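Order as written gives the chain letters A, B, C and D; numbering starts at 1 within each chain.
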Amino acid sequence: MPFPMPLRGVVPPVLTPLTPAGEVDLPSARRLTEHLVAAGVHGLFALGSSGEAAYLTDAQRRTVLEAVVDTAAGRVPVLAGVIDITTARVRDRAADAVRAGADALVATAPFYTRTHPVEIADHYRRVRGAADLPLFAYDIPAAVHTRLPRDVVLRLATEGTLAGLKDSSGDDGSIRRLLVELRHRSPGFCVLTGSELTVDGALLAGADGVVPGLGNVDAHGYVRLHAAARAGDWAAARAEQDRLATLFELTEAGDPAAMGPSSSALGAFKAAVHLQGLIDCPATAAPQVPLDAAAVERVRARLVGAGLL
Amino acid sequence: MPFPMPLRGVVPPVLTPLTPAGEVDLPSARRLTEHLVAAGVHGLFALGSSGEAAYLTDAQRRTVLEAVVDTAAGRVPVLAGVIDITTARVRDRAADAVRAGADALVATAPFYTRTHPVEIADHYRRVRGAADLPLFAYDIPAAVHTRLPRDVVLRLATEGTLAGLKDSSGDDGSIRRLLVELRHRSPGFCVLTGSELTVDGALLAGADGVVPGLGNVDAHGYVRLHAAARAGDWAAARAEQDRLATLFELTEAGDPAAMGPSSSALGAFKAAVHLQGLIDCPATAAPQVPLDAAAVERVRARLVGAGLL
Amino acid sequence: MPFPMPLRGVVPPVLTPLTPAGEVDLPSARRLTEHLVAAGVHGLFALGSSGEAAYLTDAQRRTVLEAVVDTAAGRVPVLAGVIDITTARVRDRAADAVRAGADALVATAPFYTRTHPVEIADHYRRVRGAADLPLFAYDIPAAVHTRLPRDVVLRLATEGTLAGLKDSSGDDGSIRRLLVELRHRSPGFCVLTGSELTVDGALLAGADGVVPGLGNVDAHGYVRLHAAARAGDWAAARAEQDRLATLFELTEAGDPAAMGPSSSALGAFKAAVHLQGLIDCPATAAPQVPLDAAAVERVRARLVGAGLL
Amino acid sequence: MPFPMPLRGVVPPVLTPLTPAGEVDLPSARRLTEHLVAAGVHGLFALGSSGEAAYLTDAQRRTVLEAVVDTAAGRVPVLAGVIDITTARVRDRAADAVRAGADALVATAPFYTRTHPVEIADHYRRVRGAADLPLFAYDIPAAVHTRLPRDVVLRLATEGTLAGLKDSSGDDGSIRRLLVELRHRSPGFCVLTGSELTVDGALLAGADGVVPGLGNVDAHGYVRLHAAARAGDWAAARAEQDRLATLFELTEAGDPAAMGPSSSALGAFKAAVHLQGLIDCPATAAPQVPLDAAAVERVRARLVGAGLL
């Protein structure tokens, strides 16, 4: 499909269902994708951090992306994460994503290596040069340990290298400055926030959309929140966001003494969609610590509290 | 004055004017304070980071706090920063602030030392026990290199140790979760955001007010922003915030190769109020690198662009 | 070859020579490898950070590893880096390394994702279970942003999962504690330090060997340093280390305003071996910023000063 | 006393004994100081991190420094920490230390504020200009969250602003580079390592001495280690260091789930000297979490194992 620019709305980072043996569960992937499209989301982000892309082999990534693209069937665009360490490797991932039928690519700055703003800009130009699809920068300092400098994003936006930004920096002040500058310099550029918790404020500030991991669990909620904001009904948007902020506490279901916060959050998302019947098995990829039974009960209680079970 | 709980509105962190010799410039401190009160701010925060408290001796701190309290003259409450390394030292600073007539105290977690959530809670209880004034926690991880854990803030709020939070974490998602939980558990608790750039979103989310360093430069702008938000005119609030976000670029006036971002921002705030005639001398405290003439011209251009000169 | 346990001595992380077009330069890779073996090194570490493994595609990694293994021809063991984001991906890299004939594997903790000590231990067990070669843990917090906890290393050493540790933490105090505990609990375990600058102290403390990036530039120097330490001639070891510490300044040849420290160091290593005639082209992999002519002259001056040109 | 330059040897950071009520226990401070001098240490560092300077009020700091100076009675020089946030405040602390009779001052870079190398250099020049005593820079990034740049230290050494460096960076590679450069440019400059665990290697590398917190617990051990190194008996130095590295494990006596590593280490040092009868009460300053009885037993077991009880 021709990619809508700017993409506006709710673009969940689709979870990657796995079998108990750790392989991609294709029927569940299709079922979850269909559920999200039916809920009215405006795009899908496959192979993002919530999609456990970091844990999947290249073959597994191809498999899941093909399933999402095939199920979306052109009804909404599919953005594909091309998460890898540095430029040449990302270009290999981009080639895979093009072949699988993605509508746009989402790439981080180089990681593992220590990098430099000049290298980050060169990196995006080389990735863009290797794949003829709109390219989003993925600003996720918690993973890559580098911030995307605002002036680099602005330059790459203005010159056409980047079509958009998926911002998971959590730094809403910095995004605000970017949005104000983009309005004059590159109005078609698309800014999607990755924060589940400040979507009302981000849309008020001019962001185009949101990529909420929690959107796998309550897609309808985010679609309502987005619609209220677009209609200028900020009281309704705020109330919906507050409800979702309470639901978000399921990400802390895991025992903090026994597992990290990332395993807890991804495990809780999967437990929640499993409890909702959207996927067959709640397993996360190794070596993540799985939720124990008590944690799953905490997830269930949150779902009940939110009226989702 | 009896402290209004929760304090709502614009509470600028008052700059500390200095003479060329580095001493507190009392007439300028009084003039700037009077200007802020006349602009309609709802409180004053003396001896914060923007007030260069970190650079002032104890004697200088007492001098400037007395001037702000005396000039405010009960028209708005004065919050006093009691910035020091650990508990016993903060208690000494708190005793000074009580004597100077502050209406509330603002204290960070311990710094320099590596600390622990249990110690942070104990720290606040001991500070509160030593001074009979409302106590705000100051969450400023860029300075103290520790985040205030949300559950610690909630517990200290519920038990009455803390009256409020001055949040300079920049983590608006975390504040949102706190606001949602506080609404049920401690509705009188006061949350002030320290971010100049997301005030519309923070007020939409339920924050009580804002402590903007940039409020020294454009107090009227923040007062208008706050009023629009309180009136539910979110389009007007957003437009005012966008204008202030552009003005905020003056904080980057300094040459990044020659000075740090903090010296640039504090130097720019002081240059701006000096250009506006509100203080006599734009000097910042040693050992901060001063702005050079080209940087001051960049500040002037921003003020002209914002209609402030 | 049967892997010598513990491996003792100098194990340079072999640079990966590239053509101007960015492909692996096989003749240069063979020439450099042969030079190192002839200089008397005790092992070779292919596909480490100095080998730019982070920048190479999987195909390029296979190519260079095969060349190093083939050139070493069993005279010294070849350790192969299997640098990838998480467990399943590392297992794919390990399978490639086994096929290419590596004698041992070197794997980091998971990165990009936020991890947990329990997950790190599980990660190493799963990697070890997938490839029947001695496995070294690579502790490189500057790249993966996690320290390997000492108790995890000790447990994995004692149970036989890990054969050794390549320590690039720069935390010599922590290594000392590990060495003291290993002596009792797992005496065959091999500890190699990645620090070029404290080899005399590390060998005095009981480390088995060193993996010096600078060893590509002055292999003979490190071989002499190791021999002096083994002979108990600590004055000679210290003098050799001091000389190498001066030579190490070539890593700062690049302009710090124009490039990062990593690009400067890798560019300088390659410029140095190019100036010595050991490789045909000094190019580093994209998107690293290349050294300019002035920087190359600084490298040359250091080589002349060290008697290497 | 005229300050010996360079100071060489063992310079323990003297613990600050407290009463159960949290006041300075002067008789215990004198007893511990006398014990250290009698054990043959070469200097004393009062009001360092191990001396809990961060937790003491200015009045308490003066009291303990006077006690140490008075007890030392000119037999060994007393270095005084002047730990405070920024320049003007450090100058106030320095004036206090001069009045109390210190022989040299030890100052960190500015903290709490974000700083810049130019500001750090200016900071040290201003502190030096305010107090006519040899000035040591205290490089402790774990506390101040800034590294002292090597070129700044070299410049301040060469120009005479700094007399020495107390290095608690844990970065022995960086110290090695500094030592090599200092030998040519500023041979009288004094480098003391703060690492308890790599003293043999540091002395081999050319460091002048060591400031071991553990030296409060086993001063004789560090004096023997230093003497062996000075005599060139590196095997004996290494054996003594290995023994002390095992003893160092007492710093982890505290329950990591209930307290931070700093409280555990300081609590363990105080418990150990209390068990040895050198101080009357093992209390640490508020708000540090105290060791529980089980932790004290772990400390006792370590002392017994080391032959100190």
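In this section, a contact is a pair of C-beta atoms (placed from the backbone, for glycine too) under 8 Å apart; a residue touches a chain by one contact, two chains touch by 3 or more.
No experiment lies behind these values; they were computed from the predicted model shown.
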- Item | Fraction-based call for chain C against chain A, same above half, different below | same
- Of all chains present, which has the mean Cα position farthest from that of chain A? D
- If you average the CA atoms of chain C and of chain D, how many Å lie between those two points? 35
- Euclidean distance of C-alpha centroids - chain A vs chain D, Å: 49
- Residue numbers in chain A touching 2 or more other chains? none
- Here the pairs of chains that touch are A-B, A-C, B-D, C-D
- Message: Please output the residues of chain C touching chain A within their complex, sorted ascending.
- Response: 22, 49, 54-58, 60, 83-89, 92, 110-116, 118-120, 122-123, 126, 142-145, 258-263, 285-289
- Task: Enumerate the contact residues on chain D facing chain C in the complex.
- Result: 170-174, 176-177, 180, 195-198, 200-202, 204-206, 232, 234-235, 238, 241-242, 245-246, 248-249
